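Take a look at these structures.
Both complexes below contain subunit A, partnered by subunit B and then by subunit C.
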Partner chain A sequence: MAFVIEKQATTTWLQKLLECGEVIAPVRGPCGDILFSSVHSPDQVAWDFQNPLSPPKQVVLPQTDPLIKITRNAGSYEVEPVYDDGRRFLFNVRSCDAKGIAFLTQMYEMEPADASYLRRARSLTIISLACNKPCPLGFCICSGSGPFLSEGYDVQLTDLGESYLVEVGSEKGEAAISGASNLFRSATEEEVSQRQRMEVEAKNHFEEETCHFASAMRRISTGRVQDALWEKMSDWCLECGACNMVCPTCYCFSVKDLSEDGTWIRCRIWDSCQYAAFTLEASGHNPRADRKQRMKRRFFHKVSAQYYQRDGVVGCVGCGRCIKVCLGSTDMPAVVGAIRKGKWNE
Partner chain B sequence: MNDAFLPEIARLVGVADETPDTKTFSLRFRDAHNGGNFHFLPGQFLELSVFGYGEGPFCIASSPTRPHTLEATVRRTGQLTGALHRLGPGEEVGIRGPFGNGFDVAGARGKDLLFVAGGIGLPPLRSLIWNVLDERSRFGKVTILYGARTPTDLVYKQELEEWGKRSDVELHVTVDVAQPGWTGNVGVVPSLFRKITLHPDSTLTYVCGPPIMIRITVHDLLGLGFKEEAVISTLERMMQCGIGKCNHCAIGHRYVCRDGPVFNCAQIKELVE
Partner chain C sequence: MSAYPTTCPFCACGCGFYLLSNNGQLAGVAPSENHPVSGGKLCARGWSAHEATLWGDRLRRPLLRRNGKPEPVPWSEALDSITGRLQALISAGKPVGLLGSPRASNEENYLAAKFARAGLQTNNVDFSYHSTCRPLLSGIGDVYGDRTPTASISTIESCQTVLLVEGDLAKTHPRVASAVMKAVENGAHLITVGYRTTQMARLSSLHLSVLPGDEGEVITGLLAAVFDLQQQNRTPAAAVGGGYESFCQNVKNIKRTAELQQAAEWIVRAPRATFLLAVNGGHGDQSRKDAATFASLAAISGHPERPGSGLLLLLPRSNVRGACDMGSACGHLPGYVSFDDEKARQRLQQLWSKKLPSDRGWEAEELLQHVSGLIILADDPPSVVPMGQRAMAALEKIEFLAVLDAFVTPTIRAAHVALPIASFAETEGTLTNMEGRVQRLRAAANPPGEAKAGWQVLAELCSSFGVGDACSSTKDVLREITQAVPRYAAVEQLPKDDWGDVLLENSDNPDFQLDFTGSQGVAAPACAERPYVLVREGSFDWGRDPLVYYSPTLSRDYQSERKLFPNGFVEMSKRDADARNLSGGRRVRIASAHGDAIVPIQLRTDLKAGVVSVPYAFRDHLASVLGPDHATAVSIELP
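Moving on, here comes the complex of A and B:
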């Protein structure tokens, strides 16, 4: 079912959403950069923007995520889960990032499920904004995570010029527009087909249409990537972990107790498989002591057939953020390309 | 849905010194009711919390046939284990678990069992050993080979003595380096294979110890005619969540915390690092 909302009416809609819960949207920061932030007024929300460098995964998986509260009383301990199930709207999120959150939810839903994550994810409504023009570094088309979505959103907006086409993808999405139903009218056939034309046009904007995941996947999964190639590529890795931090699908974490006013909060904290200490055991034994082993691990997890069979998707939404942050240029397209060609371009 | 990270509170009811840096901690659930729901297999592990210091994975060293107390044998190597070593009876820790697949005890019935352990690798096997000894008639011949760096580093010294005296157990102990007063074997664990009669066709072997010891022992056992499926080991990784999410223990697309920690050699060969 598709609807249409006039552009000037989005202010009233956002106002309604703000009354129902927290709204997180791309906003222009004090230095002019775009970032995801909680908004208090509809006019803060950016509509024309380059995707922020930090993905919105913080909303469902905070970098420091409180799980358990531990209190001590006369030598005895009590533990209780920390609840965070406040209603939130993630507004104007790009297709790749909506897919990223769908991926995280799939990982945390897998049995045994993670209640703490799911409480947050289930109270989040994702209102995505389809990409009429691909972003400069994006390759979402390779992993089916954009530029338009066919699933993975609660509401998908498409900019039709004077208005937005509004596609509802879930009950949560329905709830997000029903509170302001007078602002939405049913879309005409022409409006729906305009959206289809825009999707085709957006796809045509991508320079390369071939997806190289498949051939890299074959090589990675069968161990046919030479050790020497991993070594060469990993020579360029600075082990900074930035690729993991900005990746919408990276979800590795560590668990630590943080002290807070006489109690402790046991937290899940983002971790990086590229750090040497990630697999270090207390005995000093480290099964992935070599940088090349760690790089191999990262790409095995993201594009191996073994994981693809389990998850049905590759662990990459093609947002291109790793290209932007990696100082050694060992980003997803570069490594996939090198694996396919069997050669690293230095 | 349960909160996977929420530990149960347990009390230390006993702490025993094993070696200068290793202690065995006996635990009971503070809320006895929760203990009733705690069923485990030998080879499974716990996430043990020392509150304020965090938690880490430790194998259950006691047998499910003796369910009243849980035991964990822990070497002092870092912050968490250091904090645990400072605790005494009556103090509280957190427990999550049990995690992992554990040993297939039912599948081992009727078989001869050969346990090969090195150093601190004996605790996970001890859980299975006591399980087998408590149901002795269900299993064939039981042979235990155990080695440590020095006589001081041998854990469960009293139990070793007890097993040595039993007529239904064959035990051989060795040390890499002897100390004054040591009259037993000197040499690495695989050197004990010469002392026993092996029946590769009817025997399951359980190997646990430091990575290098496992590698050499497995190599020797396969050379002696054991099938890969009959050589079983338990792997150690930095399991943090226990539910296959944090990825610390991933080997390829397998997770030691979920698919393991017990694997046979054929399965280990399939793991792509």
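Moving on, here comes the complex of A and C:
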């Protein structure tokens, strides 16, 4: 079922959403960067923007994520879970990022399911904005995560010029528009087919498929990537971990207690598989002490057939963030390209 | 979630990011595409910059030591105690002093220097890293005066040639390493000089392998080869420099190898080139000479005159340059002018309404040994200076020690009065990076407990000694800095809300005085008795810096290494070890002319044969072998 909302009516809709919960949207920050932030007024929401470097994964999986609270009483300890499950709307999130959150949820739903993550994710309504024009470095088309979505959203908006086509993908999506139902009307057939034409046109904007996962997958899954190639590539990595930090699908973490006056908050904190101590054992032994081993492991998890069979998707949504943040030059398309060709920078 | 734009507190690259806070508590870091240095790229340290402030062992209340035990006291009592004890020591004619810090802001360093010089009436002011980088600053100054043609990190990417005297750039300054990598990717020739085939050396077009201490010899050869080409090309660059006549004489007998001639060609032919010099903590006089030769090489190549080319001294800590500029450096007044510069002294006396002392004052390491009263601002000298144990022993003997810090450090534990101050994430202020870029720190959270901003505490101390006008905000302090340090005049215009920065006056057409007297290698000569060179590697130990030590993510490597090797280790080239039939982990006796020690060896394939290296973190375990040296000839035997 598709609806249409006039552009000027989105302000009223956002106001309604603000009455129902926290609205997190792309906002132009103090130094000109777009950041996903909590908004208090509809006019803060950016509609025309390049996807920010920092992904909205912070909303479901914060970099510092309190899990349980431990309190010392006289002679005993009390342990209680910390839930952060207030109703939230993630507004104007791009297709790749909506897919990223869907991927994270799939991972955290696996047994043993992660209650803290799931309560937060289940109280989040994702209102995505389809990409009429793909971003310059994006390659979402290679991993089936954009520029338009067929699933993975609660509501998907498409800019039709004067209005937005509104596709509802879930009950949470229905609830998000039902509170302001007078602002939405049913879409006409022409409007729906206009959206289909826009999707085709957006896909045509990708000049060439920038990231050939399929052929890289064949090589990496069958151990046909030479060790010398990993070694060579690893010299172009500066171990910043930025690829993990900004990746909408990276979800590895470490745990550390924050303590203050007889209370401890056990926190989950983002971690990077590219850091030397990520696999460090208590004994001091490190099974992946060399950078090339860590790099190989990262791409095996992201791109191998073994994980593709389990998860149904590659561990990349093609947002292109790693290209921008990599201190070296071992971003996803560069490494996938090298694996496919069997050579690096030659 | 709120986002506060601020400057990275770790190395001197001066990257920028947003600190994220949730309900007033730090929660993470977000990169900024618009930042002039980092442009969205951060290293592992930057990505975890919020962690130490959050997880660190924070000082929350002022502590006063009574009967050997630190007890919480009100701020007024702690400050009165400092004032009283220092005044008593001064009245008794005992020497007092102060250490500033490259971990503190410009505002904090300025007020600290002002407090010491005008309030305590002493020039015993320094910071503990100064003695390591001063020779290099002086060497470059010998050639360029105070108008060094500093390169900008962002323009390195478009250079065709990069000369890098290592260090280990990929580890010490990842943002600069990133820019060099981009240049190499774009086809630039990278020339590296060092005793280790580092990551950058592996990416280089030419790696000039030298023994520790012999870097100057290679730079000299390169200088001579560049000079030849300039002569052939009749390039006038050389002619404008002072000291040209004696330079021609000195350069005559230097050996030019084919490798050096190739490197020289790349340097001379490149439309743009960058010259990067690491701080390796070598012997003072030799380091100064080597730095002067390096600067002369840059000067004679003609590059520093061109936009997009330049020279960068790879300072390790975020605000080394600021600490120097603010006057927290021995032998220098604010502006990094000599302490006997009469004009500067007059200006400061007028500004501070106090007569200033005229002696030079002690450098940090001497100061620790000699003063009876000492104030330390945000630093832990034993973890910084080359002879750490000696510094710790000195700290424990000082009659009165007051320390201002955000974190609990060994120095804080030795203090008679410990004052809790805000961390970089909880205070306003400015930092000056290695390019001379002055940028803002912004508070993203409140300091814990009763902790106050460092500048506020120092302003109160100044006022208790009747020094200058009261400063009620960092804006006031910054305004005063612009008066005390004319080079900082434009900093008052530093935008409040934007990433905006102010680049200190740079010289596109610098005058220079060639400074070259024939630098010879100083590596301890290998002899049958002591065939290896033991070198103290690096000049800074991030593992003991509170911003790393207290970060759960950043400290893992360092902590595990210390746990595995409680008595340290040395690294040896695998080739040397194989020749001696020594396996990794084997304990050996290392002996020099100074003394000996028994330590395990780790085998490395990237280390030059003949070199044995001790990581800076483990230098104290080899103190008896190294003595006061940075590199020394040693023998290795089974114990």
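One rule holds in what follows: the second predicted complex is superposed on the first by the 339 of 346 C-alpha atoms of A that agree within 3 Å, B and C clash if a C-alpha of one lies under 4 Å from a C-alpha of the other, contacts with A are read in each partner's own complex, and residues count from 1 in each chain.
We take it that a residue touches a chain if its C-beta (ideal position, glycine included) is under 8 Å from a C-beta of that chain, and two chains touch if they have at least 3 such contacts.
None of these values were measured; they are calculated from a predicted model.
Asks: Once subunit A from each complex is brought into register, does subunit C clash with subunit B or fit beside it?
Replies: With subunit A aligned, subunit B clears subunit C, so fit.
Asks: Is A:I269 touching the first partner subunit B, the second partner subunit C, both, or neither of them?
Replies: second
Asks: Between subunit B (first) and subunit C (second), which, if any, makes contact with A:C326: first, second, both or neither?
Replies: second
Asks: From the overlay on chain A, compute the angle at subunit A's CA centre subtended by subunit B and subunit C, rounding to the nearest 10 degrees.
Replies: With subunit A as the vertex, the angle is 80 degrees.
Asks: Report for A:L238: first if it touches subunit B alone, second if subunit C alone, otherwise both or neither.
Replies: second
Asks: Classify the contacts of A:G29 with the two partner chains as first (subunit B alone), second (subunit C alone), both, or neither.
Replies: The second partner, subunit C, only.
Asks: Taking the superposition as given, does A:S54 touch the first partner, subunit B, the second, subunit C, both, or neither?
Replies: second
Asks: Between subunit B and subunit C, whom does A:R288 touch in the aligned arrangement: first, second, both, or neither?
Replies: In the superposition, A:R288 contacts subunit B only.
Asks: Figure out whether A:S38 sits in contact with subunit B (first) or subunit C (second), or with both, or with neither.
Replies: Second partner only, subunit C.
Asks: Answer with first, second, both or neither: which of subunit B and subunit C does A:H301 touch in the superposed model?
Replies: After superposition on chain A, A:H301 lies in contact with subunit B alone.
Asks: Between subunit B and subunit C, once the two complexes are placed on the common chain, what is the minimum CA to CA distance in Å?
Replies: Checking C-alpha atoms only, subunit B sits 7 Å from subunit C at its nearest point.
Asks: Where on subunit A do subunit B and subunit C both make contact?
Replies: 254, 256, 271, 280, 284
Asks: Please name which positions on subunit C make contact with subunit A in the complex.
Replies: Touch list, subunit C to subunit A: 1-3, 5, 16, 18, 20, 22, 26-35, 40-44, 46-47, 50-51, 54-55, 170, 174-175, 177-178, 181-182, 185, 199, 202-203, 497-499, 552-553, 556-557, 560, 563-564.
Asks: Which part of subunit A faces subunit C closely enough to touch in the complex?
Replies: 24, 29-33, 35-38, 53-54, 58, 62-64, 235-236, 238-242, 245-246, 254, 256, 258, 269-272, 275-277, 280, 284, 324-329, 345
Asks: Subunit A touches which residues of subunit B in the complex?
Replies: The touching residues are 1-7, 9, 49, 51-56, 75, 77-78, 80-81, 90-92, 94, 210-211, 236-238, 240-241, 243-248, 250-253, 272-273.
Asks: Give every residue of subunit A touching subunit B within the complex, in rising order.
Replies: 67-68, 70, 72, 75-81, 107-108, 110, 112-116, 118, 223, 251-257, 259, 264, 266, 268, 271, 273, 278-285, 287-288, 293, 296-297, 300-301, 304, 306-307, 310
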